[in-house]
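Here come two complexes built around subunit A, the first alongside subunit B, the second alongside subunit C.
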Partner chain A sequence: MAENLATHWRLRAQRYQLVGSVCSKCAAKYFPPRQVCPKCRGTEFEPLRFSGNGELYSFTTLRSAPAGFESYTPYSVGMVKLDEGPLVEAMLTDVNEDELAIGMRMEMVTRKIREEDGERGLLIYGYKFRPAQSRAP
Partner chain B sequence: MSSVMKPKRAVGIVGYGAYVPRYRIKAQEIARVWGGVGDALPIEEKAVPGLDEDTVTMSIEAARNALARAELDAHTLRAVWVGSESHPYAVKPSSTLVAEALGASGEVLAGDWQFACKAGTEAMQAAIALVGSEMADYALAIGMDTAQGRPHDALEYTAGAGGAAFVMGPVENALAVLEGSYSYVTDTPDFFRRAYQHYPEHGNRFTGEPAYFDHTLQATGNFLELMNLEPRDFQWAIFHQPNVKFPHQAARQLGFTRDQIMTGLLAGKIGNTYAGAALIGMTNVLDHAKPGDRILLVSFGSGAGSDVFSYVATDKLNARRDLARRTAFYLGRRELIDYARYARFRNKLVMN
Partner chain C sequence: MREHWDKSLRELAVEATLAALQDAHVQDVDAIYVGNMLSGELTRQEHLGALIADQLGLGGIAAIKVEAACGAGGAAIHAAHLAVASGQYRRVAVVGVEKMTDLWNGSVTAGLAMASDGEYEAANGISFVGLNAMMMRRYMYEYDLVEEDFAPFALNAHANAVNNPNAMYRKAVTIEQFTQAKKVADPISLFDASPVCDGAAALILSRSEYLNGNGARAIQIVASAVATDTLALHDRQDPLWLRAVELSSIKAYAQAAVTPQNIDLFELHDAFSIVGPMSLEAAGFAPRGAGTYLARDGGISVHGKLPISTMGGLKARGHPIGASGVYQVVEAVQQLRGEARKNQVPDARYAMTQSLGGVAATAVTHILKGK
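== the complex of A and B ==
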């Protein structure tokens, strides 16, 4: 029996598209989205799709992974400071540990995060970050 | 022979985008493991998807590139269609996920197409029809694959990963105008995979003459005759590329030159990207074409059939080209892996 389907479904906009929220009263931007604004106590929000561009604030590499992520080890996770302000924690991808440096430009991609319940369950997709690469070849 | 297919309303390509994963394995490395003959390899190297990549994630990136070039909001799309032989689910559409990630969900058609390597151009034919009938203004057609080849099989050398996405729309907004399309299909069992099977079966030499060549040559020959065009009328031609030899041979038999096909022939560097193969060749041609250039696009899918399209680039192409990453960027982004990492990335190791 598939579990947690409602949770995954509810989070699809923030996971696939990096949709957070902006406070209608004081314009503070949040990711993940919030119910109450810690700055002005406002409770009215509009959804905001973040650009996915930012810089690497910090990172580490996991060699002993939590359940569900064993097949990816070793893999790096990072905190990315989005250009719009919020600090996002995420897995990093398309990169080797020795290529990472604090302050480097990062960009969001949508990737497979993990598989629920072995080969039977839901495939969970969501945002990861990789070093930003220039457009020109 | 009756006629080519032409929509009532003129249609064109409004945006296009490519995607190729970062990893490559050399055919020479596969030959090293299995004792293959080094000087008779079908390609130089092929693209391998990372552990967190599949047809859905790769389609999302290609489609984001296509939408950026189209300069359209995702909600203007009225269809999101993904053609592939490697959809991650047996039951559950890839296309709904792709549509959601693009921000196109809601008032949209979505569906997955399956026709071996022809699934992507089948989606393109349908997108042309949807726009051409005025049922919709914009439709997204994707061809993308992470095809599996059985270890030690001939197809292990070539089964690559990658593809492309195309936003089809009205001609006023097009960077390349459709002149006409054609399709030629018969029931030919050259390659297939039954339900629950991990690897496909194929007919070895049977995949050549009665399958690839018969359908590709029939479709292209008929199309050129009906359009009253000759190979020299085209600046560029892209043929389906299961290896490097087949498209060269088909082009030669039809009267196309090496110069016409080389820009659209990427199989030597990324392998056979199945439903994405002809389409990603098309993206590289669009990256290099000039306004006014005529482009022939020919797919082939086992089972079997071939789709043919003729496009003419417009002066909108130059301005749109650099609104997203060029195909050359993805070709150049490259980390070489050995067979052991390849086996891990492609789930060839028994872990339980």
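== the complex of A and C ==
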């Protein structure tokens, strides 16, 4: 089902730049950004752009996919523990599934997430993660 | 529970509710609570409260749908229990129903992914089985386990389903079949995942003074507790601890004035093998990381220390999403009435059921007490 452009447009800072938020009261860092801090119930936040570097917390390879993603199977997805703290879930790219291992260094890249069908279908871009090309910090 | 190609959502729901009314020897109820997740998405039908009341010939009474993803059935029972306990209604029906086989698989997978965070999990192509697979892989890594350590959960569920006429898979599974099964999302194989299917189950809840002399077979609900956790797995401080399971279990034990040691059987939400040990830990039946140990040597069988999935569980009885939580309570009632035949848990007095939504972002725990 084709979605409205606004659905994707309003998430552009998160999808393209990994912008989350930091609580002004208790300094807890969040990705995705939040409206209420679960730690201190604060409601004031500053935006925070995450580095996109982290470690692979877990991963799997999907053999069957939700509607809209079938043509990409099999594809790997993972949870990456960012150096700043939060976990992010994303597709993994530029890697064979048998090379994946918990603990490996990962970095964010911007890639096409999926293509909607049809003449008016959107091309949706966002973050994926790949094994770090540069040495760990 | 199976692929009911010949029956629609309304037919499944009406059939189950009529059977429950007959079992309870009553003609009518003051309200109906419907547990369902995906009727809009998969059958293009919402507004199930009015639909089912109308189709039952009870048009005019109160009727609403309750949704809490895969925990919808448990949540509907909770809402119904509060309504009866408050004195607002004398007697109500709860029906859990899900019709999943009218659309092809990708649409069902996308529908189920709505139980997770739509903007940050499903939007990245991460299916519900994918989330459970990542949890299982990390759990195996942390506690130094292999896939076979989870086999007793699937084998137990299938062995128990053999004797359940309502079960989808009435076939025992061997350890060889388990280890050779195709991976769906590594490390989750076909035998680690519950099946997509159609089904409905129903209960009648009544205040004791309105049992109409039919109290002999009635089973008491002594606890009904709901708790929540972060919707997204990535937002958890500790993704290997099911906090909602812990919180709802603690609340339920307090309401029923029992401890885990008093529970004679536990119908847990075994949508995936990994949920079994993690639920046993968070609900206080096993130390952290030791949930799979409890399943060794028949510990979770009908005659074991803590019987689970006694009629096949979600794994083998089937997991028609909104119906599963109601099925669990129907099966607990069978056990406490002593009507579970070959699967009867000896001297069962307290039964606990747990219906989970998403990756246990909602946990609904009920404790029932027999005579």
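Everything below uses one rule, namely that the second predicted complex is superposed on the first by the 128 of 137 C-alpha atoms of A that agree within 3 Å, B and C clash if a C-alpha of one lies under 4 Å from a C-alpha of the other, contacts with A are read in each partner's own complex, and residues count from 1 in each chain.
In this text, a residue touches a chain if its C-beta (ideal position, glycine included) is under 8 Å from a C-beta of that chain, and two chains touch if they have at least 3 such contacts.
Quantities reported herein were computed from a predicted structural model and do not represent experimental measurements.
Trainee: After lining both complexes up on subunit A, report clash or fit for subunit B versus subunit C.
Mentor: Overlaying the two complexes on subunit A (C-alpha atoms) leaves subunit C and subunit B fitting together cleanly.
Trainee: Mind checking the angle subunit B, subunit A, subunit C on Cα centres after superposing, to the nearest 10 degrees?
Mentor: 150
Trainee: Could you tell me if A:Arg105 is touching subunit B, subunit C, both of them or neither one (first, second, both, neither)?
Mentor: In the superposed model, A:Arg105 contacts neither subunit B nor subunit C.
Trainee: In this superposed model, does subunit C or subunit B come into contact with more residues of subunit A?
Mentor: Of the two chains, more subunit A residues are contacted by C.
Trainee: Taking the superposition on A as described, I'd like to know which of subunit B and subunit C A:Ile113 touches: first, second, both or neither.
Mentor: Once the two structures are laid over each other on A, A:Ile113 reaches both partners.
Trainee: Identify the partner contact of A:Leu11: answer first if only subunit B is touched, second if only subunit C is, both if each is, neither if none is.
Mentor: second
Trainee: Figure out whether A:Ala90 sits in contact with subunit B (first) or subunit C (second), or with both, or with neither.
Mentor: A:Ala90 contacts subunit C only, not subunit B.
Trainee: Using the superposition on chain A described above, determine whether A:Thr60 touches subunit B (first), subunit C (second), both, or neither.
Mentor: Touch partner of A:Thr60: subunit C, not subunit B.
Trainee: Output check: A:Tyr72 vs subunit B and subunit C. Expected answer is one of first, second, both, neither. What do you get?
Mentor: Once the two structures are laid over each other on A, A:Tyr72 reaches both partners.
Trainee: For A:Lys29, using the defined touch cut-off, is the partner it touches subunit B, subunit C, both, or neither? Pick first, second, both or neither.
Mentor: In the superposition, A:Lys29 touches no partner, neither subunit B nor subunit C.
Trainee: Rounded to a whole Å, what is the shortest Cα gap between subunit B and subunit C in the overlaid structures?
Mentor: Minimum C-alpha separation, subunit B to subunit C, in the superposed model is 12 Å.
Trainee: Overlap of the subunit B and subunit C footprints on subunit A, residue-wise?
Mentor: 72, 91, 113
Trainee: So in the complex, which bits of subunit A are touching subunit B?
Mentor: The touching residues are 12-13, 16-17, 49, 71-72, 91, 93-94, 96, 109-113, 123, 125, 128, 133, 135-137.
Trainee: Name, in rising order, each residue of subunit B that touches subunit A in their complex.
Mentor: Of all residues in subunit B, those touching subunit A are 22, 50-54, 56-57, 60-61, 88-89, 97, 100-101, 103, 322, 324-326, 328-329, 331-333, 335, 351.
Trainee: Tell me, which parts of subunit C touch subunit A in their complex?
Mentor: 105-107, 109-110, 113, 119-127, 129-131, 133-135, 137-138, 141, 182-188, 230, 232-236, 239
Trainee: What does subunit A use to touch subunit C in their complex?
Mentor: 11, 14, 32, 38, 57-70, 72, 75, 77-79, 86-91, 97, 102, 113-114, 124, 126
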